[in-house]
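Handing you a structure now.
Lettered A, B, C and D in written order, each chain numbered from 1.
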Amino acid sequence: MTRREYDEWLNEAASLARALRYPISGDMVNDSAGIVFGDDQYAAFENGLWSREAHELMVIFESLNEAAVDGLPASASHGSEYSGLCDKLMIVHPGKFCPPHFHQRKTESYEVVMGEMEVFYAPTPVQVGDEEVLSFNPMPAGSPWPDGVDLPAGREQTYARLTSHVRLKSGDPKFVMHRKHLHAFRCPADSPTPLVVREVSTYSHEPTEHAADTPTPLPAWAGLHDNAFVAPAANTGRLTTNIR
Amino acid sequence: MTRREYDEWLNEAASLARALRYPISGDMVNDSAGIVFGDDQYAAFENGLWSREAHELMVIFESLNEAAVDGLPASASHGSEYSGLCDKLMIVHPGKFCPPHFHQRKTESYEVVMGEMEVFYAPTPVQVGDEEVLSFNPMPAGSPWPDGVDLPAGREQTYARLTSHVRLKSGDPKFVMHRKHLHAFRCPADSPTPLVVREVSTYSHEPTEHAADTPTPLPAWAGLHDNAFVAPAANTGRLTTNIR
Amino acid sequence: MTRREYDEWLNEAASLARALRYPISGDMVNDSAGIVFGDDQYAAFENGLWSREAHELMVIFESLNEAAVDGLPASASHGSEYSGLCDKLMIVHPGKFCPPHFHQRKTESYEVVMGEMEVFYAPTPVQVGDEEVLSFNPMPAGSPWPDGVDLPAGREQTYARLTSHVRLKSGDPKFVMHRKHLHAFRCPADSPTPLVVREVSTYSHEPTEHAADTPTPLPAWAGLHDNAFVAPAANTGRLTTNIR
Amino acid sequence: MTRREYDEWLNEAASLARALRYPISGDMVNDSAGIVFGDDQYAAFENGLWSREAHELMVIFESLNEAAVDGLPASASHGSEYSGLCDKLMIVHPGKFCPPHFHQRKTESYEVVMGEMEVFYAPTPVQVGDEEVLSFNPMPAGSPWPDGVDLPAGREQTYARLTSHVRLKSGDPKFVMHRKHLHAFRCPADSPTPLVVREVSTYSHEPTEHAADTPTPLPAWAGLHDNAFVAPAANTGRLTTNIR
């Protein structure tokens, strides 16, 4: 991906975000905001963002990532990394995907701002070690996948455990994705516009290049990386963007 | 406040929210969404919502109040009531206030969607019992109050400790209000439109009439009420709305 | 209608218009912008704008009414009053109507901004005197009326000749209403929001109180009133609003 | 300009238009909507739409171009080509221009939807032949140009007669550009977003490739082309777009 391709992608996305009244400040449009999930996914730029081909790449504009540690009783600091507040706008072009992953700590919610969002997820949580977890209001079963979902070449198997499907649109109630559930989503390939989604979640532990100097509120938070992508290449691709 | 006055207030507010693309579903427009902070504040309806007089009343449309307990390690359940996710749209008419209060548990953030928001707050936290609390990124000092802020009659003293002022507008970075900080806000009296603010926060423990049947994720959450208003009348008024 | 009722109606409507990005300047919110079509229609305020009852009243915010006479060849001044440019935002509450009327000179187009618009019209033009008129692209036939359209009491007969129906929504192509066609429209009674429509048309010859001092570009334009309402009471009500 | 470059330009622009609620239907996104004003201006694609360099190119989405001939008295058909209704959304990237031109017949008005619009114009009309024209409400004088307006290389002289400048932003009153006045405009080079402007005008006589099959309401309208660009290359470039 060339610098020109990257800048065009980001500038158009930021303009769309502003048109939709998302609060964009200059430093949110940076070299970690455009995400290509692994070296093979840069092939998306051979035919461009509007080819409607299946690839894994997206833009994230993050307006808030607040640890919410201030004012917490010291006695409650254990587990604070499961808390906090994050607000992001995610922009995905037609046919493109946010690839399969889960977060051990982060609970998410989705609000579609423009377009329609196809969410693919596992209805039961990933077991992390032998950890016992709470259950209060489990994920809904969702529906089976519809026909005709074109998956990214070579990554089809990474979607296998995400057997539930839901399609969300603007005005729908917020959809909650509990932590430890595998999830992915895409913009339908025939969409006239990119998908635009606001994600309100607990804190995002993502050591991107842009976030490299973010201080750590508590020693227990140091070095946390809370994204576990199914495809190893997506895992490494998440944190750095290769701009020529 | 008559039923007609209430319904006009709520229906106009919900229409404004929809115009601004906030996800409103029918059950969000209910008899707990319009809030009058105490019996004396119903006087706002003598001259109406557009009198520009100082009173304490507002609309809150809540699109999300998620405990985020699912998937939490059982070992981290202590303190979980300081976590969770809440998303609200707040609509305040010119001259009107959200009155002084603090939350022991809830950390908030503000995003102005339309109009301008005058925030009044205490730059240092309230001490709750002899609890030791964490400090990582304290509140900014803000500025002294500007001249000409007309306070609600008889409630002037409840604003005395909120010595910091900041004025926010659409497109500004999110403004974080840490838990345990006294805060209030208003829509400027000369505004051509109501103030519209999106608040993303941790879970709201508010036992309103509408929320009466909401189940509790953990025994420790039962009966929590996390709003502490300075004016006793605001405290009682928060939870029920008297519609004739 | 009291001053308070009028001001609340107009201020809420102007706020909605601003939320939808319509260019509102202060002088557009005036005592001719809220229109009640005849003395009997003030009954709408007995139960208020959200009663969903059928009455004839609406708000019009006019951002442009340009004669477009400048630069016209003097030889083409005959007929110039059929030309010009007008841009309005029209806001109609659920169940309310813009009543049946036609314009001898004004051709209109509708763009729904929020809600849905039920248009009722006569598919053939009114014959004005023995005037011969041009025909190029006649009105479409439309559909018969759907069931369940509750008409304003006592005015049912004024709708009799408007036999065609079309329902328009946001994103639809512009719908053109040719001059000399009887037309009316309403916001569906069960709508969660007011109907908001942008009308782009040729010049509006409307001698409202607010427009009383507007200068006339050519002597032939003096005293023109281009609105012909079927109900005589609507005709007189159009130009003045009785605010107590 | 490659097909990919063109399609990316148009698809991003149409998405922005939809985000801003402009009524886009599929056939409005066509190969005449993206306009490059002359062969030399394709150089804009060497460094791309976000280079902030001065070039003459823009997108126009036309939602309405209505002759408004129906219902016109036959006796008033002379001069009807100065009338009619056109509604367009124009999208201009930072630093880019709509080049100097005038319309003998078309009167325009501008409403900024996003960004800021720098208008450059001649305050007095072009004399067309020895035609006598009407004057009612002449153009305002405007201001002198600000410093730092980078003009398209080789086209500087075509701006010489456009000595007046005005800067418009969202919410401003509609700005009328009378027919026969030279005008151009740009998006400021340092803008974070493209400029988006709604133009409401009288009929656009523009024989673009896309409009080639549009029928003519009256014989006098046949073959009319109402755009007169100062730069001959802009004149020819207006009507066809060269997509490789």
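Quick note on the criterion: a contact is a pair of C-beta atoms (placed from the backbone, for glycine too) under 8 Å apart; a residue touches a chain by one contact, two chains touch by 3 or more.
If you're wondering where the values come from, they're calculated on a predicted model, not measured in any experiment.
**Student:** Give me the chains shared as neighbours by subunit B and subunit C.
**Tutor:** none
**Student:** In terms of contact pairs by residue number, which of A-D, C-D or A-B shares over half with B-C?
**Tutor:** A-D
**Student:** Can you check whether subunit C and subunit D touch via the same residue numbers (shared by over half) or via different ones?
**Tutor:** same
**Student:** Using the average of all C-alpha atoms in each chain as its centre, how far is it in Å between subunit A and subunit D?
**Tutor:** 40
**Student:** Quick one: subunit A and subunit B, Cα centre-to-centre, how many Å?
**Tutor:** 29
**Student:** Using CA atom averages as chain centres, what separation in Å is found between subunit B and subunit D?
**Tutor:** 47
**Student:** Mind pulling the subunit C residues that touch 2 or more other chains?
**Tutor:** As it turns out, subunit C has residues touching two or more other chains at 18, 20, 24.
**Student:** Looking at the whole structure, which two-chain pairs count as touching?
**Tutor:** A-B, A-D, B-C, C-D
**Student:** Over in the complex, which subunit C residues touch subunit D? Could you list them?
**Tutor:** Contacts found on subunit C: 18, 20-21, 23-25, 63-64, 66-80, 82-85, 87, 107, 109, 111, 113, 125, 131-138, 170-174, 176, 178-181, 200-202, 217-218.
**Student:** Touching subunit C in the complex: which residues of subunit B?
**Tutor:** So the residues of subunit B in touch with subunit C come to 4, 7-8, 11-12, 14-16, 18-20, 24, 26, 47-50, 114, 192-194, 196.
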